[in-house]
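To start, the structure under review is shown below, and the notes come after it.
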Amino acid sequence: MAKPDGLPAMTYRFLGRSGLQVSSISLGGWLTYGGHVDREGTYACMKAAYDSGVNFFDCAEAYAGGESEIVMGEAIKKYGWNRNDLVISTKIYWGGAFGKNPVNNLGLSRKHIVEGVNASLKRLDLEYVDLIYAHRPDRKTPMEETVRAFNHIIDSGKAFYWGTSEWTGVEIAEAWRVADRLGLIGPLMEQPAYNMLNRAKVEGDYQFLYRQHGLGLTVFSPLYQGILSGKYKNGIPDDSRFAQTEVPFIAGYWKRTGKEAWQEIINRVNKLEPIADRLGVKQAALALAWVLKNDNVSSAITGASSPEQVYENIKALEVVDKLTPEILAEIDDILGNKPPQLNDRE
Amino acid sequence: MAKPDGLPAMTYRFLGRSGLQVSSISLGGWLTYGGHVDREGTYACMKAAYDSGVNFFDCAEAYAGGESEIVMGEAIKKYGWNRNDLVISTKIYWGGAFGKNPVNNLGLSRKHIVEGVNASLKRLDLEYVDLIYAHRPDRKTPMEETVRAFNHIIDSGKAFYWGTSEWTGVEIAEAWRVADRLGLIGPLMEQPAYNMLNRAKVEGDYQFLYRQHGLGLTVFSPLYQGILSGKYKNGIPDDSRFAQTEVPFIAGYWKRTGKEAWQEIINRVNKLEPIADRLGVKQAALALAWVLKNDNVSSAITGASSPEQVYENIKALEVVDKLTPEILAEIDDILGNKPPQLNDRE
Amino acid sequence: MAKPDGLPAMTYRFLGRSGLQVSSISLGGWLTYGGHVDREGTYACMKAAYDSGVNFFDCAEAYAGGESEIVMGEAIKKYGWNRNDLVISTKIYWGGAFGKNPVNNLGLSRKHIVEGVNASLKRLDLEYVDLIYAHRPDRKTPMEETVRAFNHIIDSGKAFYWGTSEWTGVEIAEAWRVADRLGLIGPLMEQPAYNMLNRAKVEGDYQFLYRQHGLGLTVFSPLYQGILSGKYKNGIPDDSRFAQTEVPFIAGYWKRTGKEAWQEIINRVNKLEPIADRLGVKQAALALAWVLKNDNVSSAITGASSPEQVYENIKALEVVDKLTPEILAEIDDILGNKPPQLNDRE
Amino acid sequence: MAKPDGLPAMTYRFLGRSGLQVSSISLGGWLTYGGHVDREGTYACMKAAYDSGVNFFDCAEAYAGGESEIVMGEAIKKYGWNRNDLVISTKIYWGGAFGKNPVNNLGLSRKHIVEGVNASLKRLDLEYVDLIYAHRPDRKTPMEETVRAFNHIIDSGKAFYWGTSEWTGVEIAEAWRVADRLGLIGPLMEQPAYNMLNRAKVEGDYQFLYRQHGLGLTVFSPLYQGILSGKYKNGIPDDSRFAQTEVPFIAGYWKRTGKEAWQEIINRVNKLEPIADRLGVKQAALALAWVLKNDNVSSAITGASSPEQVYENIKALEVVDKLTPEILAEIDDILGNKPPQLNDRE
């Protein structure tokens, strides 16, 4: 499918306090590259995104057992894109699939960070990534070892910036403490799940970090695995992704939540439908634009299994300006989950 | 009333990672000193506590507009206690009552910290306190200014250790970052509300700080203003403290919670009664002992309006060992509010 | 004269990035205290200011050969003001009047800073000032010596914050470099002349320092020695302050400028009169409000030789909100001296 | 044209406080390499300069869209010059021409500095440059990111020294603050426009930096695009460079200045002609020698479109010693633009 007429122009945002700019909508690898989308389909999605102005492509060593990185690297070469025009990321934590004795292919030891990054670069067939993330916190490894190792990755030219994913605010602040004491580079960005139904970290726990360190966010799951698109408004069909046991996060979600809580969520999401209708937009576009309305979000990482989905996501850019303070307040009332804000002085 | 026979021996705990020991049960100033207990009554409570082994007496510049510090200082002199045997604290933040133009008698600027401590020491008639707390976070003042000022208080001999009260975990970590970078003394202890009904900060947000910094806790409100004693099990009488509008925190609580949520809390507390009965202890003692069962708690600060209450509180020490893992699990099930624990590696 | 009805309420601003608040209009010592206003007149001015909400009183060791500090200290005691409610400053550089051999009573050596501050505190009869300024840069003394000495003044409890007066932006940045490298306290605020006719430093040279260090400004000469009040619109009377040879700054100004340039200035000031008329305010109030419209200004230091003048100055607070972007642009056009602004990226 | 007899011997100056020596006259790339001079002409100019003792050749990624670097690299190889005998520079900031999505090919982010340097080295076909400059300040990127990136370039062997171009004094001092705090390499040199008509930065704003950091200067535009050669003394011919719209800096100048201001400049320049005549030198040589008379200037970067021009420029070396204090004072009087000098103590 060719790029449709009238697609809104991409916008770019600085990644936190840095001098790097990322497209406000980006493409993420969890489901896309080398996952349950075939190789040619992935190429097509990446091309549709690139042609629409997406410059940030997000990956991880753990996605599809390393296949995501391989396919992403192939697409870059296939289309001959200029490396300078791209912001490529990967994440290190679960490298377990790639060794016979996986005890050291896990976590944030210096050994796994260095070996993991080298293996990722080889799969991507790149000399460096722009962004390297710690895919989760590793509380067995001293913070100093981890901070030193990521600083080393940057010093050796294999990445430009490092960040975290799903760390607590305290852990990010601790990483900065170690970095500051040693004169090393601290974490620039965090990659949390963020959407209308998950606000505690981004709008609560991290609050103080934006002003202290200029923390940037590249958020995933803006549609909460599709729940916020409204597609489950009549309940979950048996053949949905939520029944696919090979998708552990979703399965885990299902287990954690339970059917009752699940119905409560669906009910709340359904109340957002009239707002989308009033604005004349799809519910998914409303949810994605809502994420981008948060100034601390540098990029919303979207998945896609077809170029159509890529273009659909990008259309959400048109919705951002429609979200007036009044509509945002109305949404807050429906969601009922806005975390308390820090007061400057009591 | 004289010290009753059979009162359990006081226990002492190190205050976090420090070399200072505090009595696991301590006496706090919010209601006690110079509040709605009369002067002689306060003296008597302090003597009962001291005679029972309490060594830590907690105060604040804001308690009773400075009166609490005055009465506490008088009691120390009246009974001729050895200064070395005491751990005295106060807290700085709200000094607004003490000037015509209060703009600078508030918060954690260097000016107010220094002037506030000087005024507190004058009211206490002491040369130094053992512990000085920032009574709340002040997000208008840069963290560096606050950390430098508390370090200065310690350097100038006016306190031995400094800590925080009701800060977020991120803020405590940031204070440590600044202190570490500048080679200054970081915060040793935090004073949060902690009880069966309020566990998020102590068991959640602060988790990483115990192991990283040896953060110590001196917790207040172990009975949640008496709610956990079970005395409201049939509802709130009109003459209870919860109707006293001059107690802003409680009034605020009442307002924040609403009658429905309030009944839900009472119901949950009532379910704890059978456990207390089974152990043959009062419900208040169960609640207080439960707080002390948390190894990260260095001291539980209790209030008292009579020596009897002091002794009653101390009896809770006997209950601590009765709280087996099985009983704690049973309580967790009733409360349903245990925060997720940090995993070392996922 | 009693405080007039309808005087606008004082506003307070944080001093740069600090947690200290100063009244947006303050009283300065150059002409007022112990200068050509008599002692009782000075007391009256200070009382009028204090009663109007002024909390910041500015002085210097050099003002009236030390007499200004003496009179200011007397007023504080005479009226029994609470020290906490006041922000008192002095400045060190020219202490030459106080010794027989003045070679070391000048500049920013450690010797003169420490001896100068001690002498100032004695004259003020205070234990500390809130703010201590380097009254000018001293390029004979190494920056490290000066920064260490001011840090020492704060460490020894004789001041809370230190700053500079009429330093270049490069010198302030150099002071921060030394402070940062050594972990010492850097300069918080600068005291430049700032008014409609002198904008180069405040709006030009210092631009980058506001965002980098949260530099605060306490500006003097908001009316440019009365020129901006329009009182010289028909030329300079022979008995004006500009003929008083004992006021060296003014004499110097006269000499530096020359009659022709002087007339050119008068012409420009006269063009502001219609704007003041249109707003229905005095020209002096327009000029003072214009200074306060700059968010980087924490306080405008005014002089006064009578309570009436104090009240007159405070009335300028009402004018601040009347200065719309359109009017400010009109003023810029008349003045023609707005410095080029820093661009973020070219 | 062969090197003429009697050409003065080149002189060499240390680049600021460093141990590196550059020829006091150097050749710059803005107009020369790959610009409107053809390839063979550029080779010839470089050879003439090299044969006359010029060792410093200045370039930038932005000159002629990268072509300048390519031609300069070709000349070095063509003539087989020893790399050790050369001081080669380039500058990073505007790399926008080299990608489809230029958002990250601009400014001083770590990404663009690293990618920009790599691309420049490839075009130059060199392993390293001697000097790498930040071609402008980038106020969107934190100073720490920029300083770390240039330090990284030096650490990875791709340059020996780094500096700035057209930064303010405050920004250079801030770069040093960051470098000093982190133990990194600070900026050694600045490349400003400097000539008889533009003295504010070099003789004013930077004053304090020479003594503090030993800042070195490699100045461009010593003849102010030929204006100071006197060639426009009768007005501007239609075919002069000032009419060429494809030279944006000049066009910009023309637009910024206006015809009146332009004539005022010409008049002032014409007053310098008698001085040149009296000394028996060309006006251009006088202007260039005047720049070299400033001891803070390490090298004056000249352009040339033919070997003759190269030799002509070098003859200015003979004029330097003829500029006695009396003549310099006479020039100052004509120019009327000498910035106020810093006094050591007031």
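First chain written, first letter: the chains are A, B, C and D, and each begins at residue 1.
The rule is short, and it goes like this: a contact is a pair of C-beta atoms (placed from the backbone, for glycine too) under 8 Å apart; a residue touches a chain by one contact, two chains touch by 3 or more.
Every value quoted in this text rests on a predicted model; they were computed, and no experiment measured them.
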Measuring centre to centre, with centres taken as mean CA positions, what chain is farthest from chain B? D
Is the contact between chain A and chain D built from the same residue numbers on each copy (over half shared) or from different ones (under half shared)? different
Could you say what rotation angle superposes chain B on its sequence twin chain C, using C-alpha positions and rounding to the nearest 5°? 95
Per the C-alpha means, the centres of chain A and chain D lie apart by a whole-Å value of 45
Whole-angstrom distance, CA centroid of chain B to CA centroid of chain D, is 66
Centroid of chain C to centroid of chain D, CA atoms only: how many Å? 41
Give me the residues of chain B that touch two or more other chains. 107, 138, 140, 181
Name, in rising order, each residue of chain C that touches chain B in their complex. 12, 14, 17-21, 53, 55, 81-85, 87, 130, 154-155, 157, 160-161, 183, 185, 214
So in the complex, which bits of chain A are touching chain B? 93, 106-107, 136-140, 143, 168-174, 176-177, 180-181, 205-209, 212, 342-346
Any idea which chain D residues touch chain A in the complex? 95, 98-105, 107-112, 114-115, 119, 138, 140-142, 145-146, 148, 152, 155-156, 181-183
